[in-house]
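Each structure below appears as structure tokens.
Note that chain A is present in both complexes that follow, paired respectively with chain B and with chain C.
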Partner chain A sequence: MNPLDKPYAQLALALLTVLVLPLFLKSGILATEILIFAMVVAACNLLLGYTGLLSFGQGIFFGIGTYVAGICLTRWQVPVPLVLAGAAVLGAATATLVGWLSIRRQGVYFVMLTLAFSQLFYFVAYTFSGVTGGDNGLLGVPRPSVGGTALNAPWSYYTFVAICFVAVFAVLVMVTQSTFGRTLLAIRENEGRAAAIGFPTRLFKIEAFAISGAVTAFGGALHAMLIGVAPLSNIEYHTSELILIMTIIGGSSSLFGSVLGAGFYLLLADALSTVWPRWLLLLGLVLVTVALFLQRGLWGLVERGYDLVFRRERAPETPAEEH
Partner chain B sequence: MTDIALQTRGLGVKYGTFHALAEVDLQIRRNSVHSIIGPNGAGKTTLFHALTGRVRASSGRIELDGRDITDTSDDDRVRLGIARSFQVTSLFPNLALRENLRLAAQGRTPWQALAPWRRAESNAEALAIADEVIERLALAPVSNRLAGELSHGQQRRLEVGMAMAARPRVILLDEPTSGMGIDDIEAMKQLIRDLGRDHTVLFIEHNMGIVMNISDVVTVMRLGRKLVEGTPAQVRDDPEVQRAYLGNMITGDIA
Partner chain C sequence: MIYLFQVLNGIGLGMLYFLLAVGLSVIFGLLQFVNFAHGAFYLLGAYLTYDLTMRGFSFWAAMPLATLIVAGLAALIEAVLLHRIYKLPHTFHILVTVGLALVVQELVIIAWGPLGGSVPAPEGLQGVVILGDFIYPQYRLFTIGFTAVLAGLLWWLLEGTRLGAIVRGGSESPANMALLGYNTLRINTAVFGFGAGLAGLAGALAAPIRGVEPFMGIEALSVAFVVVVIGGMGSYTGALVAGLLVGVVQSVMTTLWPEGARLMIYVGMALVIALMPRGLLGRA
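Right, the complex of A and B next:
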């Protein structure tokens, strides 16, 4: 195993990201958005990379988090920690439901089911405009103080999100290292065998969904507070797609790959969109490149780079003798 | 407790309209080595699928230690003490050999593994079982290699080890020697005989040398039905069996 894949290395890299972003970015909003998407994408990675589930439903959970924040903050002035906790709980509950129904089918049918749920929730949000604001979304989502600290300045909100990000990332690292996470890997590798040795595999997949949904909704709530709006677009199918694309670009073999994926996408989008209005076309080319040449994503590139620099002199491992 | 570990009554499995298995009555004695033989398509693997719960029985009953398990799910049956190996090697190829066995040992207490805060290493028992199985299968030199990188013989041994790690009462081995070299076959024969001392072993095998050598009871199947059952000597001399095999397959010596 590459030393960079060790849990403490992953956590150190996440911490480093949090500290380095303010040094290189002028916009606190962009930096905050990167961290929010980084945790959401890492949650998607838990499903795609660790469990082998390609879920088009991540936008549902993201949107639900957004609406929880939008509704609680514009109508009832609920304290921020409660809003975030509520978003996570509702996200987990929705993900449990969607997961429970979707994983009854496998492969393409599973993917289609998550896609169908994604559309379903979009139209529910669109239709119940009394609650969600419909097409306009919920405007004027405030960013209340937390524990007496005002978060109105972009960089002070960044600090708050950074703390949340590191905590969430640490939880996800713990989950992947746990006996639960290792069982997910086994299910991804060979589900039939995992069931044959006694694991109720559906239950494990549903739990992975629930954790992923909780983190995604948590990120969605942070996002609504970042942009001051709870837009309909956050629950749209496009958001699901965006999260998946970031996951794949980053590489699904490591959680920190997701941070790279989110950062790469958002920074590239930020840079390209000022140069050329049709920048999405270039992004398409990037995706094609990743799919053709970088199947382990940006993280695979990092691993290869590490091996080149630090392991060049090491002889290949001596093959163990047969028998 | 009765002397019978596993028994079926009138067990049948249908795939669509095709009767893969019909009217099978089996009684597997505790701590015996019971082998199932028969030509291809005789329903041997289907029988295993039905016993482990991978496919549902369409008729009949299955009892484990007198308890009806006909409608018990496959993962529940593991907890009740049935474990199997597969005819086509089915491992976790990108996980280390030791991790494969740890998972198999953890499979007996799967609810524990649902806790996302528990470290895998905190289950010392599972680790100990994994190491014990590695020792017993003489796979220690390769225990940290990925299962997919092992030689065929090692993979077949690991396949059996996966069943052993569940600490089952009844262990079902589906052609444990398929594709193995001569030396490996001898080692596997020893292992199965050994397993028969503290487990109930039910195994499917085409290698008559092994079947005749180590079985206490042999059941011959044909076209989804039980044809003959008896000791190796009885089965070998049975005219019906000789007809089924055209007299040319049962050549193994009886030790």
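Right, the complex of A and C next:
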């Protein structure tokens, strides 16, 4: 195993990211967005990389978190910690439902179901515009305040999100290292065998969904507070697609790969979208390139670089993962 | 009377969904390949029809031409790119075809703008049919008849001809087909083009009904998924039954609850999956 894959190394890299982003980025909003998506993408990776479930429905939970924040903060002035907890609980509950229904089918059917569910929840949000604001979304979502002052400056909100990010990332690392996480890996490798040993594999998959949904909704709530709006676009198909793309680009074999994936995508989007509104064309080509030449994602690149610099004899190539 | 009208609309819509789903299903059956670019081919078929009719072509020329261009383009993409990734896990099939769909969508916006447009009903079918106090647009009636004939042809092609046998043989065991002397690479390319062409045709037929806009592809893709999930992949009858059901549910709900019509497609799907996890026909 590459030393960079060890849990403490992953955690150290996450801490390093939090400290380094302010040095290199002028925009505190962009830096905050990277951290929010980093945790959301890591939650998607818990399903893809650790359980072998390719979920096209992560936007559902992100959107739910966004609306929890939007509704609770603009209509009822609920305290922020309660809002975040509520978002996580509702995200977990929805993910349990979606997971329970989706894992009734396997393989590609499962993927298609998650995509169809993301459309279902989009149309729920679109149809019940009295609650969600429909196309306009919910405007005027306030930032949280600490000790009586609202965190309106971009970098002070960054600090708030950074603390959340490190905590969430640590929890995810702990989950993957626990017996529970090991069992998920066993299910990914060979579900039939895991079931034969006596593990209730469906229950494990649903639990993985619940954790993933809780983190994703938590991130969605933070995002609404960042941009001050709870937009319909956060629950669209496009958001699900985005989270999945970041996960695969980053590489599904390590949680920190997800941080790289989120950072890569958002920095690319920031640099290109102002220059050329049709930059998604380039993103499409990037995806094809990753599938052809970079199947272990950016994290695979990091591992190869590490081996090149610190190890004299090259480790044998690990074969591409089977799903 | 309004319900008869909506049920007819639903059948027309459902037949288009059926075409989409069969294309997806044929590709998956032979190639074990999940084509997330299927909606993009539908989008392209619609826009090519739009473009050709704008250039003064008759719809009757534009529709087959658009279908052929989409099929040819898809076959080219298969031959150049996709056949390289069949061996990879499904994740990468999805990544590549999602990438392709993005490229097509952005190219469509570059070529024709972000706003979309409308395609007039073809000459000869612009009027309405009047039966007593029942009035129905001629073009919609034509799509029902035309797709019904197509569905019959497709069934014959897939179940009754040597070509269909080759496709089914290929989905059972590509190695055996190669041993028998068939050029499986060329069959794969042809079938991918064929499946994508069906999506293009569905797009071309839908253009005069719903107009064109750059994001109609994803809508079509997810509806095709719903049809395939409840009807079963690789099942011709399943696609037909599920396609019609989805179309009729959507249309009838347009009268009962206009804002929630499209929502009900997905709620219906969730119900089917909750009650009958294996889908309507219980296969796969």
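Descriptive notes on the structure:
Just so it is clear, the second predicted complex is superposed on the first by the 308 of 323 C-alpha atoms of A that agree within 3 Å, B and C clash if a C-alpha of one lies under 4 Å from a C-alpha of the other, contacts with A are read in each partner's own complex, and residues count from 1 in each chain.
Everything below uses one rule, namely that contacts are C-beta pairs under 8 Å (C-beta built on N, C-alpha and C of every residue); 3 or more make two chains touch, one makes a residue touch a chain.
Computed from a predicted structure; not experimentally measured.
Between chain B and chain C, it is C that contacts the larger number of residues in chain A. Look at A:204: by the touch rule set out above, it reaches chain B but stays clear of chain C. Of the two partner chains placed around the shared chain by superposition, neither chain B nor chain C is touched by A:80. Of the two partner chains placed by superposition, only chain C is touched by A:248; chain B is not. Of the two partner chains placed around the shared chain by superposition, chain B is the only one that A:183 touches, whereas chain C remains out of contact.
Of the two partner chains placed by superposition, A:21 touches none, neither chain B nor chain C. Of the two partner chains, chain B is the only one touched by A:175; chain C is not. In the superposition on chain A, A:193 makes contact with chain B only, not with chain C.
Applying the stated touch rule to the two superposed structures, the overlap between the chain B and chain C interfaces on chain A comprises residues 320-323.
By the touch criterion stated above, chain C contacts chain A in their complex at residues 28, 34, 81, 84-85, 88-92, 94-96, 98-103, 105-107, 109-110, 218, 221-222, 225-226, 228-229, 233, 259-260, 262-263, 266-267, 269-270, 273-274, 277, 284.
Within the complex formed with chain C, the chain A residues making contact are 48, 54, 101, 104-105, 107-109, 111-113, 115-117, 119-120, 123-124, 126-127, 237, 241, 244-245, 248, 252, 278, 280-281, 283-288, 290-292, 295, 320-323. Residues 174-175, 177-183, 185-186, 189-190, 192-201, 203-204, 207, 211, 320-323 of chain A are the ones that touch chain B when the two sit in their complex. Across the complex, chain B meets chain A through its residues 52, 54, 73-75, 78-79, 83-84, 86, 90-95, 99, 103-104, 106-108, 110, 112-120, 122-123, 138, 141-142, 145, 151, 153-154, 162, 165-166.
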